[in-house]
Amino acid sequence: MWLTRPLRERSTQIFLGVLFAALAIVTFLHVAMPEDSALYVSAYTVTLLGKYLCYALLAVAVDLVWGYLGILSLGHGAFFAIGGYAMGMYLMRQIGDRGTYGDPILPDFMVFLNWQELPWYWLGFDMAWFAFIMVLLAPGLLALVFGFLAFRSRVTGVYLSIITQALTFALMLAFFRNEMGFGGNNGLTDFRDILGFNLRTDATRLGLFIATGIALAIGYVICRGIVTSKLGRVSIACRDAEARARFLGYRVDRVQLFVFVVSAMLAGVAGALYVPQVGIINPSEFSPLFSIEVVVWVALGGRATLYGAVIGAVLVNYAKTVFTGVMPDAWLFALGGLFVLVTVFLPKGIAGLLASRRKGKQDEQDTPTAPSTTEATA
Amino acid sequence: MLPRLSPPQLAFNRQDIIMSILRSLTLLLIALVSVLSLPASAQEDDPGKALLNNLAEVPASRVEEAINAIVSSGDERARGWLEAYGNNRLSRIDDTGQVVIVLNNRGRDWEIANPLTGENMGEMSRRELDRIAINNRIRGQLEGILAMLDLNATDPDVREASAQDMMGKVDASLVEPLEAQLEREENASVRNRIEEALAIYRVGEGNLEAVDVLAGSLHPRARAALNEAVRSDNPALADKAEQALASIEQKLKLNRAAETLYFGLSLGSVLVLAAIGLAITFGVMGVINMAHGELIMLGAYTTWGMQQLLPGQPGLALIFSIPAGFLVAATAGIIIERSVIQFLKGRPLETLLATFGISLILQQLVRTVISPQNRTVVTPEWMSGSLVINDALSLTLNRLYVLAFALIVFAALMMIMRKTRLGLEVRAVTQNRAMARSMGIRATRVDIMTFALGSGVAGLAGVALSQLTNVGPNLGQNYIIDSFMVVVFGGVGNLWGTLIAGLSLGTINQLLEPWAGAVLAKIIVLVFIILFIQKRPKGLFPQKGRAAEG
Amino acid sequence: MTIRKHVKLGLSALALSMSLNAAAAEDPIKVGILHSLSGTMAISETVLKDTVEMLIAKQNAEGGVLGRELEAVVVDPASNWPLFAEKARELLAQEKVDVIFGNWTSVSRKSVLPVVEELNGLLFYPVQYEGEESSENVFYTGAAPNQQAIPAVDYLMNNIGVERWVLAGTDYVYPRTTNKILETYLMDQGVAKEDIMINYTPFGHSDWQNIVSDIKRFGSAGKKTAVVSTINGDANVPFYRELGNQGISASDIPVVAFSVGEQELSGIDTGPLVGHLAAWNYFMSVDSDANYDFIDQWIEHTGNEEAVTNDPMEAHYIGFNMYIEAVKKAGTTDVDAVKDAIIGVSVPNLTGGYATMMPNHHITKPVLIGEIQDNGQFSVVWETPSTVAGDAWSDFLPGSRDLIADWRKPMFCGSFNTATGKCGASAGEMAAEEAE
């Protein structure tokens, strides 16, 4: 089975081992340590780590299409945000009549703007199962339609990157409009419960953190399963020489479409887990800047390695937390410098550094090689 | 009861004012001599002092009377006082109660002058000064008074402008002097204006013939008057006004279409300017320069810097900024090319990431070095206002200049690419780098020159944009996505494509806007481009031949 | 080896002496500052951070409060709304600050609100906002709609004789709500629906040609027309420029703005804007000694002779002094005690009067209408005869007409419904939780 194959892989075992160990340690330190202990991990930190893990899952999704399919998506933030909105809508409906205006059905911002009834696309979001399906389905569907049109007409390379950017930009403008019924610039906030658990308790926060860790593990295994399967090899062929793969008889557009949709769904899940932890979803998640930033996490960590994406996401975001606290002015310099240095001097990222060190000791057998630095754009 | 433009209780006796002004003008020469010889000691019993003190002291409800008194005094300094008053420059010193004119009111210490003698009194702390309050209503009346004064000017243009100012401001007291003015007036267009101004008043009074005068007028005030007449209880008048309005509407429709087209071309020219530099670096060199927006920003900041260097000469500074903006941005471009892009040859997606990093650094650099605040860029006199085609259609001058500038830049670029050695070499390197090199072209040098050219043009765009929008650290970000859309839509590597794409996207946007609103129009345009690229992945004008495969 | 030992010894001695020092003096009062220092909002928010720092320095120079020093804890939420919630949590849970001064945009406040309520913090919010909120833990020192929008419209209607209205705003919650309130208010005053034009544009909108041309056309219908602008920040410069260039002067169609202050004008060539209006509760040009002193201090603090002050800075000035007074009154920085003590506290504002904290956590403010001058300042042309108390719940919105807020016991409720006699669900639940 393609899903179990990765579990026998050394690299996946190490990754899962490290991930679960980290989850266990954080949980232990949070629950068992007294609050004044130096080793105590506060709820604040747990949530922060949960956020990093969401970003890591998003980065894995981006790496799947960029590293193994050669599609530089500058619009994955859109799928992330749509997943987040699906979750946000569920959480909004869970508020029920505890909102400021006490309306049992309409969220506060709708009462506020004199909406008379719930728009049709909000229906069903009071049920968890429906919302959770939409978390997968909504981004997946968007990716399906967009990808179908794009891959069928062989839009590739730079053009594809730019229209993914246009996609997320257009969605951002659309979601900013209050007429859309998603709360406009204020977005969705003031969440209370998820599946009956109070979101404002530390126990729920820990639960969400662990759930995110598990989602990341599953997402990682799925991606790993795809890239080591036959489909994965074909997609790598598409990445390195699209025309040749096509001439050999592979339906390149179908492969691209499948992987693109899976990646969008993973991004959606990441968004859905992100929203209850940070407590707000607003259209700025659609901003093109955020999507490009995600690409840099992947580039820093190392493209086409998956675990590199995780390392990159966690490192950059940790640096961001530290920098914006200590010297806010320097953060953009650091981030900008990172973009330049990584692309010029570290084309294979941190994972590339690790791999080159390891290479002397043992040969990698099952790992597909990282993409060649010169890629065909036509 | 018909609403009136100026509430009746506020109107003061204008006939008196006019008469006094006329009187004062005849005395001008004598007065001028006397003011020059006025000894400082005579200030105490200067009647102007009492007039100004009166203006400063009366409650708001009686300010009109105070102004009235100043005007009817026939004092030749009245105009200066009233202008200062209208500009919020009349203040009172707290301790002595003396009324002064503030010459410079920036900062904490203000430069003041004596309104009676014109003598400069040096600087005084703002704490010691008490401004004599004025509001829009009184300012409007002051404008009317000053316009009446100007009706006697020798320059017919000034007379026409002041007659135009009178439109909609005529009331019963002004009719007689205006009619007298009409008798004397010889210039046809000034006569026209005065007639229209009078007709607007008369339509309001229910005069049927006056409707005919207004029937051909496109002036908004004339339309306003007719609109009111339509609502009047007099059926004959309402009928006639409605017919007149219908014929005006017909004319307006044409004007409106022309206006929308102009809006579209103007927005399009902005897009072309912003994108054309990108068309060179992206289209010709294959470099995706995400820092392009920040190069535009550098051009805009250069304009600001120039204006700081040449205070009081905004126009001259703007003209100097054109070469300066080009050089600054081109230099920045060369630095970017040498330090980063040359290492990323043939990896377009990596150049995207690296240049994005550069854009973040440049933005933050401007924030840290200059300021996170927007900077003030002054629009020179000759670029403000609009070119009046007729009363309903006027083209804003700053956008007209930008439109012309965009076309000139485009033409110049075409010349460079087509007619110069550099252009030839650029095209050669683009089409087949190896072949070009073996023919003795120094490809590296061509790369640098091309990138510098594209960046320099971005700088020029910045100079132009500084006249339209904010000059701040976020300037570039607002244009980068639009620029890419224009280039991709037009077809990469094709300057004509960029021009057509920019102008047509601008026009589509402006056509949609009244119907869909600003946001939706933009979304529709974006979705349109996305779908268009699916249909024609290489844009409107795809590059043909070998270069297309590169 | 010996050297290292010495260093170690020295270090531990240093640490010991430091801990002794700390024990000798009481812990400082920690003041959290939650304003964006980077990103798009940095333009507006950086000066507020500086303002609070200046106020803290001044208070410390006067000996602090309750014999304790004040200490600023500055974080940067980077104009990123989720980050606002995260940083608020960091301030309250990690840094254990006693009070937070922060936020500018509505969305950032909404993001922070659940955190401040959960961790029982104190937040002073200094910007004019859309109302429709009253939290136990938040003090709103900016204007509510009835302290800015409605008096401004009254002024235009009664003093200028405006009969036709353009409500133009950026598409987000503050303009949406303000325009909803104004629309209802105007219609109550007998303005016909076709005499009101409402228009929304996105953030940073720069191409105003069509809209200004529409406004011009709308204004030529024979009635005095005015524009009520809730256009935000950056979009204003191109808007006013287009107005000027299309020949619309303040005497034809005046624009009264609720979001354009001295800070925004400092980035504009104000020549063509002279005579357009703004409604605020404070202008830098206000003629009062308190204001002149504040400006002198500010110029000294920033070291910039050209530095301007604006309305939200005054709001922080008032909020900060209110907090100090409340701490003195309560004799402690304990959040619940301060919350009780601060209601009814009066401190001088910068316009020569007093501001009082009302039971609904809003304050009393005078409303000033100013005209833009050519030096980038406003000249006050009108002001309300007395101060106006902020209204948390608008009387002109159907959903909130019956709601009031009163954070004194026994009512202790942010949204009490006078029609049903019940406290709104959210606050009721909170009160119930507390009772447990």
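Which chain is which? They are A, B and C, in the order written, and residues in each are numbered from 1.
The rule is short, and it goes like this: a contact is a pair of C-beta atoms (placed from the backbone, for glycine too) under 8 Å apart; a residue touches a chain by one contact, two chains touch by 3 or more.
Everything numeric in this text was worked out from a predicted model, so none of it was measured.
Q: Quick one: do these chains touch in a line, a ring, a star, all-to-all (complete), or other?
A: Looks like everything touches everything, fully connected.
Q: Closest chain to the protein CA centroid?
A: Centroid comparison flags C as closest.
Q: Using mean Cα positions as chain centres, tell me which chain lies farthest from chain A.
A: B
Q: For chain B versus chain C, what separation do you get between their C-alpha means, in angstrom?
A: Those two chain centres are 31 Å apart.
Q: Distance-wise, how many Å sit between the C-alpha centres of chain A and chain C, to the nearest whole number?
A: That gives a centre separation of 35 Å.
Q: Starting from the mean Cα coordinates of chain A and chain B, work out the distance between those two points in Å.
A: 45
Q: Could you check chain C for residues that touch two or more other chains and list them?
A: As it turns out, chain C has residues touching two or more other chains at 38, 171, 200, 202.
Q: Residues of chain A that touch two or more other chains: which are they?
A: 173, 176-177, 329, 332
Q: Can you list the residues of chain B that touch 2 or more other chains?
A: Residues 364, 367, 519, 522 of chain B touch two or more partner chains.
Q: Once bound in the complex, which stretches of chain B touch chain A?
A: Result: residues 288, 290, 340, 343-344, 346-354, 356-361, 363-365, 367-368, 477, 481, 484-485, 488, 519-520, 522-523, 526-527, 529-531, 533-535, 537-538, 548-550 of chain B touch chain A.
Q: In the complex, go through chain A and note every residue touching chain B.
A: It comes out as residues 72, 149-150, 152-159, 161-163, 165-167, 169-170, 173-174, 176-177, 288-289, 292, 295-296, 299, 329, 332-333, 335-340, 342-344, 347, 373-375, 377-378.
Q: In the complex formed with chain C, which residues of chain A make contact?
A: The touching residues are 42-44, 47-48, 51, 97-102, 109, 111-114, 173, 176-178, 184-187, 189-191, 200, 278-280, 282, 284, 324-325, 328-329, 331-332.
Q: Going by the contact rule set out above, which residues of chain B touch chain C in the complex?
A: 3, 5, 7, 87-88, 105-108, 126-127, 130-131, 133-137, 139-140, 143, 220-221, 223-225, 227-228, 259-260, 263, 266-267, 270, 364, 367, 372-379, 384-386, 394, 396-399, 468-472, 474, 478, 509-510, 513-514, 517-519, 522
Q: Can you list the chain C residues touching chain B in their complex?
A: Per the touch definition, chain C meets chain B at residues 38, 40, 42-43, 46, 159-161, 163, 171, 199-202, 204-207, 209-211, 213-214, 216-217, 219-224, 234, 237-238, 241-242, 244-247, 250-251, 254, 263, 266-269, 271-272, 274-275, 277, 287, 289, 292, 295-296, 299, 305-306, 371, 373-377, 379-382.
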